[in-house]
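What follows is chain A paired twice: with chain B in the first complex and chain C in the second.
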Partner chain A sequence: MTRLITRLTCAFVVIPLLATLVAATSVDFSQGPWGGGLTLDWFAHAWPPLAPVIGRSLAVAALVVVLNLAVGGPLAWWVARHPSVLTRLTGYLVNVPLAVPGIALSVALVGTYPMLRPSGLLLVLGHLVFTLPFTLAALVPALADDELRTNESVARSLGAGAVRVLRTITVPACLVAVTQAVTMVFALSFGEFNVSFFVNPPATPTAPFALFDSYSTQRLELASAQSMIFVAFVAPVLTAIVLARRRAPGRTP
Partner chain B sequence: MSTPAAVPTTDPTPTAVRPAGLTVDDLTVRYGSTTAVEHVSLDVAPAETVAVIGPSGCGKSTTLRAVAGLVPVAEGAVGLAGRDITGLSPARRDIGLVPQNYAVFPHMSVAANIGYGLRARGTATPRREERVREMLELTHLSDLAERRPDQLSGGQRQRVALARALAIQPDALLLDEPLAALDPQLRGGLRRELAAMLAATECATLIVTHDQREALSLGSRIALLRDGRLVQFDTPQRLWDDPVDAFVADFLAGAVLLDAEVADGHAVTLDGRWRIPVGDLAVRPTGHGAVRLLLRHDSLTVTDDADAAALLAEVTHSEFTGDGVHLTVRAGERLLGVRVPPDARIGRSVSLAVAPGRATLLSPRA
Partner chain C sequence: MPSRTAAGGRAAVVTGAGVGPATRRGAPHAPAWLAALPALVVIGLFSAYPVLVMVANSLGLGQPPADGGPTLEHYARALGSVTVREALLNSLYIAVGSVLITLCVAVPVVLRQADDDRAGRRGGAATDALLTLPIALPGIIIGFFAIVLTGRTGLLGLAWDGFSGLAYTFSGLLIAYLYFSLPRVLGPLRGAAATLDPSLTESARTLGASRPRVFLTVTLPLLLPAAIETSGTAIAVALGGYGTVATLSEGCGSCRSTLPTNSPPGTGSPPRPPSR
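On to the complex of A and B.
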């Protein structure tokens, strides 16, 4: 039964992707699948205008990942290692943006920090607010782990300073959690539409916005080809998430 | 030596002359408003092993963590090899720590685990490699040097943790429940193995355990804690023979300690309801004040003679132990233990008599 449900779920996700691929490789999809024959021309047409947009989205996602580690790492450490009413409250507050509609979050950000919009910094900060809960969700349990804390205590008793303990014990122990956080944040930022649509200036769109624009104004075949290129960029990240999760239970008994 | 109470605080300043080995003076540790350890004093000489024992929550692990510098000391002082280390960070104490789960670093090989402390201390590579080799040989791990911890058994991981702690040549070695994580079938052999390895070291060793047998076999002295306080600190033999109170007798040996007095050649106990001829008892001097009667599981027998020396008791529980049946009986307000043959016919009440020479009358020195 479980296997059937798994296969149905996979089919539910894969079939639209295959349909998009068929549209992207059809000369004229209005005549049906591969109507007018099979072609890769739509990919050739899709790539030149999409390339800078993909580059911009990759840069934004990379920056959001770095900021997540810089802000989320210490925050996760504080929440995990100093349990109190304040840290619990912080944990709840960080999750609030998940429950707020993207349009409300975007309007609030644009209204409060209009001066940050032209440079694109507001988009990055918007993504940071939106992705931080996922970083904390991955890192806090790893940092709060009793086994890790005992290992750190032993390392300190053996003569290791704080930096060495962090580098040789804490980071290796949290590597799976860090990988999960990084890949998840990257994927979320790369594919994020709501905040990007409202916060980002239209002249410098991100990839999801460009796809929306293509589907609205261009031929279906061209938009489908752009979608497949987008998927090709995000697929390795999603694969890394799966591999990281598979490694997660492989701890020392 | 008998040390039933905490030793008064000594001057904890760095200039005070401190003995070699490990000293814990009037140690108090608090977690918020809860006092986990209160005025505990003990000492461990170099090459000596002291076992800290007590029921769960008695403060024994907290004592160990305070000595290691992992929890702040509220009052008192910790000295090691003549130094006051109370305020030192764990990294500067020269203490080897083996926690209950061994904390073998999962992403490092056995050899890298053992060499971790030496690398952290900047030991030159040739010396480090030599020391790791020595430790691998001492702990019989040479063939497993490149293995990962998840490829080791519990006993092997324990030896890795021990080798790692000893590699830095610490002044003190702290072991927290060293055998608790192992299967009961393995503990006997590994206990003997651990004792042999500890005997080969020169550092002061403090073992925390809740297992009486472990404490009796590994410790040259035993510190018994209850509710954060030191109850008795003495050699295993003295604790066994002359417990300071009923708690020590019960916890360490499963024995019963009854207040008694001697009158007309009889030991009188249980509010005068039981009179035992002193001639039936082993009489030993005690350093703890009053006359008391020490009863172990083999001290009593069930008798058919309801004479004056017999005690009538109600059977509350019986437990088959293989070679016999252990009865728990109630005499007045006291519960006593008595072992009978497996085929003995036992009713709801029994008459108890002392097995000659098996019960001990503890009598203060004149």
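On to the complex of A and C.
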């Protein structure tokens, strides 16, 4: 029974992807699947305008990942190692963007900091605020692990410096959690639409924005091809998330 | 509060300089919360503050020329508008409905996945990857999927006429948001299911409880806290999920009135303004 439901759920997720692939390879989709024959022309047409946009999205996502680690890493360390009323309050504060609809927060952001919008700085910061909860969710449990803390204090008592403990004990032990945080943040930032739609400088769109533009103005086949290109960029990242999660201690038998 | 933080920061820097060698040897004497400071500044400036400003503006506590003191008039006007009320209700139906349906599907799926993981069965990774994928898809793509499958020339429409045009109806929107909510419910719930102790259900079974009874009296109560927390977050995200409805409302007259497309940005310039 549960197996059947799982299979059906998988089918529910995969059927739209296959259908979009069919639409993207049809000469004329309005005549039915592969109406007018099979073609890859739509992909050839879709790629040139999409390439610079995807490049920009990749750059934004990479920057957001780096900032997440630089800012969220120490925060996660503090929350994990010094639990108190303050850290619990901080936890709520970090999760504000999960509770406030993205659209509301982005309108608030643009209203409060209009001067940061043209440079794209506001977009990066908006993405950072939206992805921090996920970084924290991945890193805090890993950093709070008792065994890790014992290992660290043993290393320190043997005379290892803080940097060396971090480099040889803490980071290797948290590698799975860090991978999971990095891939998740990357995927979320790459596909983020709510914040991007309002905060994005209009002259320099990111990938979801360009897709939306195609959906409203282009042929269905071309828009399908662009969607499939987008999915092709996201899928490897997702696979990495899953592999990292399956390596996580306590999950695999 | 800010002044206290600043003073504390200065004091910490001074002490830090005073015990330099000790800090270098790996016993950090600087207060630990210094590590959290950059993140807290970012969150305070770009998450908490804008929201507070918005709340203040909504209560009439903004700049004096535009706002003349504390008032609930803005809320009264917003809630008094039939369009806003309808949009709010539609959004609530879609968000709550889609998440509740997702939850009914997700519970058996995560239990099956937890079982498979414990038994070390293969194929779990592929299922896992597939079911996680939609979280990286922006809502607009999901709206587009709905058009490809159940739009006027949709693929499923070839199989059964009732499917064509479904994307632009309330039920179509509900299904699209199901796709949107699925990974957001499955992910956290999976963690909760993985921590369930299988010996509990096993002992209940050996004591003679039927499968449905074990599910209702052992498994479900254990999953319930996680399920409630997860659905709360998922409903909030679905309420603000703008992309799906934005795509579907392109060329659709009947389904535009959900809340996200109805809140005019004032600052941004969407390619096409939502119609009323």
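Heads up, the rule we're going with is that the second predicted complex is superposed on the first by the 249 of 253 C-alpha atoms of A that agree within 3 Å, B and C clash if a C-alpha of one lies under 4 Å from a C-alpha of the other, contacts with A are read in each partner's own complex, and residues count from 1 in each chain.
Heads up, the rule we're going with is that a contact is a pair of C-beta atoms (placed from the backbone, for glycine too) under 8 Å apart; a residue touches a chain by one contact, two chains touch by 3 or more.
Remember, it's a predicted structure, so these values are computed and weren't measured experimentally.
Engineer: Where does A:V65 make contact in the superposed view: on chain B (first), on chain C (second), on both, or on neither?
Structural biologist: Neither partner.
Engineer: Given the touch rule stated above, what does A:A225 touch, chain B (first), chain C (second), both, or neither?
Structural biologist: neither
Engineer: For A:I169, decide between first (touching chain B), second (touching chain C), both and neither.
Structural biologist: A:I169 contacts chain B only, not chain C.
Engineer: So, A:L158: does it touch chain B (first), chain C (second), both, or neither?
Structural biologist: first
Engineer: Please work out whether A:A177 is in contact with chain B alone, chain C alone, both, or neither, and reply first, second, both or neither.
Structural biologist: neither
Engineer: On chain A, which partner's contacts cover more residues, chain B's or chain C's?
Structural biologist: C
Engineer: Does chain B (first) or chain C (second) touch A:L50, or do both, or does neither?
Structural biologist: So A:L50 meets neither chain B nor chain C here.
Engineer: Contact-wise, after the overlay, does A:A80 reach chain B, chain C, both or neither (first, second, both, neither)?
Structural biologist: A:A80: touches no partner chain.
Engineer: Of the two partner chains, chain B (first) and chain C (second), which one does A:A138 touch, if any: first, second, both, or neither?
Structural biologist: Neither partner.
Engineer: Identify the overlap between the chain B-contacting and the chain C-contacting residues of chain A.
Structural biologist: 156, 160-161, 250-253
Engineer: Contact residues on chain A for chain C in the complex?
Structural biologist: Interface residues on the chain A side: 1-3, 5-6, 9-10, 12-17, 19-20, 22-23, 29-30, 32-33, 70-72, 74-75, 77-79, 81-82, 86, 90, 93-94, 96-114, 125-126, 128-129, 132, 156, 160-162, 165, 187-188, 190-194, 197-199, 202, 208, 211-213, 215-216, 220, 223-224, 227, 230-231, 234-235, 237-239, 241-243, 245-246, 250-253.
Engineer: Provide the residue numbers of chain A that touch chain B in the complex, in ascending order.
Structural biologist: Going by the criterion above, the answer is residues 147, 150-151, 153-161, 164, 168-169, 172-173, 250-253.
Engineer: In their complex, what parts of chain B are in touch with chain A?
Structural biologist: For this pair, the touching residues of chain B are 68-70, 89-93, 95-97, 99, 101, 103-107, 116-117, 120-121, 149-150, 161, 164-165, 168.
Engineer: Please name which positions on chain C make contact with chain A in the complex.
Structural biologist: The touching residues are 23-28, 32-33, 35-36, 38-40, 42-44, 46-51, 53-54, 105, 108-109, 111-113, 115, 117-120, 124-125, 127-149, 153, 155, 158, 178-179, 182, 194, 233, 236-237, 239-243, 246-247, 250, 260, 263, 265-272.
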